[in-house]
Structure formats: structure tokens, C-alpha cells
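The two complexes that follow have subunit A in common; it is paired with subunit B in the first and with subunit C in the second.
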Partner chain A sequence: MSFVSTILNAVGLIFLTHAVYSAHEHTALSSTSQSSASGTPANPASSLPLDIVIELLVAVVVLSIGIVLSSTPLKPIQWNKWAGAIEKNGRKENPYRILEERVGFWDVRS
Partner chain B sequence: MAFPDLLHPPSHTSQSSALRLSQEAPRILAKAPTSSLPYPLSLLSSSETEETWTIYENLFLSCLRTGDNVSARKCIDHLTARFGAVNERIMALTGIYKEAAAADTAALVKVLDKYNEAIQADPTNMPVRKRKVATLKALNRPADAIASLVELLDLSPTDAEAWSELSDLYLAQSMFSQAIYSLEEVLLIFPNAWAMQARMGELLYLSYLSSPADPSTLSEALRRYCRSLELCDDYLRGYYGLKITCQKILENAPKTSSKAVAASEDLPPPSPAKVEKLHELATKKLAEIVRRASQQEPGWDGYDEAELIAARALLDRDAEVIVR
Partner chain C sequence: MDERELAIAPIVGDSMQHNHRTISNIRSLTASLFGVAAGTLGLESYPGFIFYLVGTFIVSALIFALRMDGQPGKYFYRPLSEFWIGDVFGGAMSFILTWTLFFGIVQA
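Let's look at the complex of A and B:
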């Protein structure tokens, strides 16, 4: 699972960087060429080519999947599962341990 | 932190780890936690963290447990220097040290007199009151211990630790109804404490064994075990209790079935078919837990060794009956 998520994260980052760089280059190029041709500034967002938009969206989706896959396992939110995990792991985190151990009443001489 | 075990009270750690911790004591104690400079400057140079004093307290208890009174004395000296000798908690810890150092019963009675003086000076000093109960218990005076604990609970009726201790003291005297009452108080404070629900089942089962007159005690025990299993998945102690309670009910079934209908006041007893099903479930789950824990499957390796052995013995006894 960690191998797949690493690959997805790497691919997503490359695509994202590439898409952002392409968008930047495209706006820089088209604004200079348009301003030299007609003198009126065009709206760069509307003239962004479809392949850059698609690349950006794919990169975001791939990255999201990669991040979700590489996240740590979720903690239990149901009482019985949480308590069961504590029991199976040796009761170290049991918040009710004090009721059984009772340090305040500890008999040192026993 | 280098010693994660020291952040928990030592009564739960194993003998070997307590010994290891108390062997580390001289090294931990060598680092002075407080600065020797006067007040405003000491704030700048102190190496105190949130955990420092928890570690000292638990190290103190570990040292006493392994009989290293010299290191324990050093711990308590550090704690007294930091918090002062009149701090309630420090008074109780100093008392523990004196209890451990007391050579004979007369010396222990002297410690008890010190506690009585402290309680007269401040009747709400709970840590010292608890020490008094523990000392009376060590002196083998259970009636006085119970009386003193009841007095404590009059002052502080929401102290679940004290109610739980009272329940155990009553149980040691075989006073089942009082023990059950005390445990009910614990459950009023912490209704979701699964171990206490199972403990309630155990008390009810024991009280049935001592006076097997009322079969509704057993069905109440069955309900308590079911509640503990509802609160905690794969709870070994709960399934163990469920299994032996079901066995007991099924043994008694032919005798009680005629009376049971008449005796049902609030809740009817569970039907034999239901008890049979619960018994099957408990057997299946116990076998699964024992199998997975003995194979040390990841996430299943924290069960208590003694409990696993007991569960295995119970299952083996069952198998023998079937073979015969």
C-alpha cells in the first residue's frame, strides 16, 4: 500500500508542477503576443488550452488518492472497538485502570 | 521519554520491569531536577518537564516495591524539596515510605497514629485517609478499614476508586450484598467501565454460589457479562464469565423452570434456548481468542498470560466432558 501511494504521490506532484508551469508559460506567452498584436489585454483564464486544465485536474485527483492511501490507519470511533483494542494491547491505555489497581490504597507491605 | 514505564503507576508493571526500573534509579536520581539558584533565576535554569514529578513518584513506588529503600528516600527528599512537607500528596507518599520502613506491628501502629493526627488537623485530606485504610488493611483489621473507608466516602461520595476498594473489602469478608452495592456506586460514576461490569457479573455469580436460593441472581450476572461484552470487543474476562454463568444456568434449568415464571418480578429470566446460544457464542469466541493470542498474531498479543491459561483450562474441561 505504501509503495502504491508513494508512486501516486510522485506522479501527481510531477503532473501538478508540469500543469502549473505550462499555465504560467502559456499566459506569459499569449499576453505578450496578444499585446504586441492588438494592444488589448485578453483574459488569460478563458484562453487556457483544454489539455492543461485536464492535466491539472488529473494531478489533483491522483494526489488526493495518494495522500488518502498513505495516511495512518483511522482510530476507532466506536466504544466497543476502542475498548477491544485496549484489551488486546495489554491495557496500558485503559482509562479505568485506577478502579482495578487503586494506587491510593496500595499495600506496600504485601 | 527514556522510561515510558515510569509514566504509569508501578503496581501494574511486571516484577522484572519494576526491578529494572529500580536498578536505573541511581542514574535518574543523579540528575538534580531543580535548580539551586534563588527563585527568579531558578526559572531560567531548571530542567523540569511535565513528566518529571510523575517519574519521581512512580520511581519511588517502584523502589519500594523492590525493597530499595535508599533510592526511595532520595526520591521522596526531592519531592519534598519541590512541593513542601505539608502537601497532601507528599504526606501520603512520606507515609508509604514509613509504612515500608516500619520493622514491626508496633512501628506500623505509630504510622497509623501519625495519619490520625493529620486527619484531625485536616479532615478532608483524602490521600492520607486512603493511606489510613491501607494501613488498617495491612494490620489485618478489616472492620476498622471498612469503617474508615465509609467515613471517607461520606465526605467524598463520588470517589470511584474508594467505592471500588470498599467493594473488595466487603468481598474479602464475604458480605456480598454490600460488595454489590458498592460496585453499583462505581458503575453510577463510570457506567462504561467494561471491567467493572464484568466484575459485577463475577460478584453476582459468587453470591449465587454462596447462597444458591435465588436464580434471578444468575440471570442478572448473565446480563452484566453481556453488557461488558457490548462495551468491549473480544473481552476475554467477559466471555469466560459468560460461559461459566451459562453452564450454571443450564445445569439448574430443569429445577428452576417451573419456579422461574412465578419469580419474574421485573425482568423475565432468559429462555433456555437463548442461554444455549450465548454459551455456544462464548465457547466459540474464547477458542478464537486463545488460538489467536497463543499464535501471537499482531494486535492480539497483549492478553494476560494467566487469563489465557485459565481460559484454555476451561475449554479443555469442556472438551473432556464431550469425549466422555
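Let's look at the complex of A and C:
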């Protein structure tokens, strides 16, 4: 699961960087060429090419899937399910371990 | 009635806190991501906020499908008000921050 989310995050970040840089270059190029040609800059949002828009949206979706997958797992809030999961998965995360596994009787002579 | 129910089936406060922290982490990360997208697309005023709402709902659906196995009642005491509706505007400020930043960088 963590391997998949790492791959998704890396791919999404690469696509996002590429899309934002492409949009930046496109608006810089088109604004200079249009203002020198006609004198009135066009609305840059409407002139953004479709492939940059699609790449940006795909990158955002991939990155949000990766972020959700790389988050820590949620814990159940009902006491019986929470305690049951702890009993099943081992005693590492049991908050009462210090009470349950203490030494019952200490033999002084040995 | 409610109190009696809680006495019969108690709730772990630690887990509730942990779930809220995890969800708000995801929300602020993805909200700044949506801000990057909205600013780069050059959205202004209402379309930008609609973009944020749609993105937040998609993230909620992703959490619902991938992290909760389709049972939000197992992880939130009141799933509708705590998960679907209540946390929607938690990432609004980071969204506006990156929205204006990337609008200024890319479109201006």
C-alpha cells in the first residue's frame, strides 16, 4: 500500500509540475505575442489549451488518491472493535500493557 | 437514551482524536493542491469556490472508499455532521492561499 501511494505521489507531482510550468510558459508566450499584435491581451483562462487542462486535472486526482492512500489508517471508535483489533494484532499498541504484563510475584531469594 | 447507549457500547476518545487529526491532515494537503489547480486554470470568484467544493467532495468519497471500507459509522460517531459536512471548510484558507499565489504566478 505504501509503495503504491509513493508511486502515485511521485507521478502526480511530476505531472503537476509539468502542467503548471506549461501553463506558465503558454500564458507568458501568448500574452506577449497577442499584446504586441493587437494591443489588447485576451483572457488567458479561456485560451489555456485542452491538453494542459486535462494533464492538470489528472495530476490533481492522482495526487489526491496518493495522499489518501499514504495517510495513517483510521482507528475504530467503538470500544469492542478497537479492543478486538488490539487483541488480534498483538500487544504492541495496547495502552494497558503495563498493567497486564507486570510481574505478579517477585521471588527475593533467586 | 443516548447516555445509556454509550454506557453499553463505549467510545474510545483516543481513536476519535486520531481520526479527526488524520482527516484534517488529508484535507489541508488536498486543499492546497486544489488551490494550485484552480490558480493555474485561472478560475475567478464563484467557479473557484465551486471547484473547491467539488474537489473536497471527491476527497471525501476517496476517504470513504479507500480508508473506511464503506462504513463511516465505525470511525466517526456522527458521520454526516463530522465527516461529510462539518469538515468541508477546514482547508478553505490553504485553498485560497495557494489559489491566489498560483493565479499571480501563472496568469498575471
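Everything that follows uses one rule, which is that the second predicted complex is superposed on the first by the 84 of 110 C-alpha atoms of A that agree within 3 Å, B and C clash if a C-alpha of one lies under 4 Å from a C-alpha of the other, contacts with A are read in each partner's own complex, and residues count from 1 in each chain.
As a convention for this text, a residue touches a chain if its C-beta (ideal position, glycine included) is under 8 Å from a C-beta of that chain, and two chains touch if they have at least 3 such contacts.
This structure is a prediction, so every number in the text was calculated from the model and none was measured.
In the superposed model, A:84 lies in contact with subunit B only, and not with subunit C.
By the document's definition of touching, of the two partners only subunit C reaches A:23; subunit B does not. Shared-chain residue A:102: touches subunit B; no touch with subunit C. Of the two partner chains, subunit B is the only one that A:92 touches; subunit C does not reach it. Judged by the touch definition given at the top, the superposed model places A:56 against subunit C, while subunit B stays out of reach. In the superposition on chain A, the residues of subunit A touched by subunit B in one structure and by subunit C in the other are 79-81.
Interface residues of subunit A facing subunit B in the complex, by the touch rule stated above, are 79-81, 83-92, 94, 96-110.
Against subunit C, in their complex, subunit A makes its touches with residues 16, 19-20, 23-24, 27, 44-45, 48, 53, 56-57, 60-61, 63-65, 67-69, 71-82, 95. Across the interface of their complex, subunit A is touched by residues 8-9, 11-12, 61, 64-65, 92, 96, 99-100, 102, 108, 126-127, 130-131, 133-134, 137-138, 160-162, 164-165, 186, 190, 192-196, 230-236, 299-303 of subunit B. Remark: subunit C residues 9-12, 14-16, 18-19, 22, 25-26, 29-30, 33-34, 36-37, 40-44, 55, 58-59, 62-63, 66-68, 74-77, 102, 105-107 touch subunit A in the complex.
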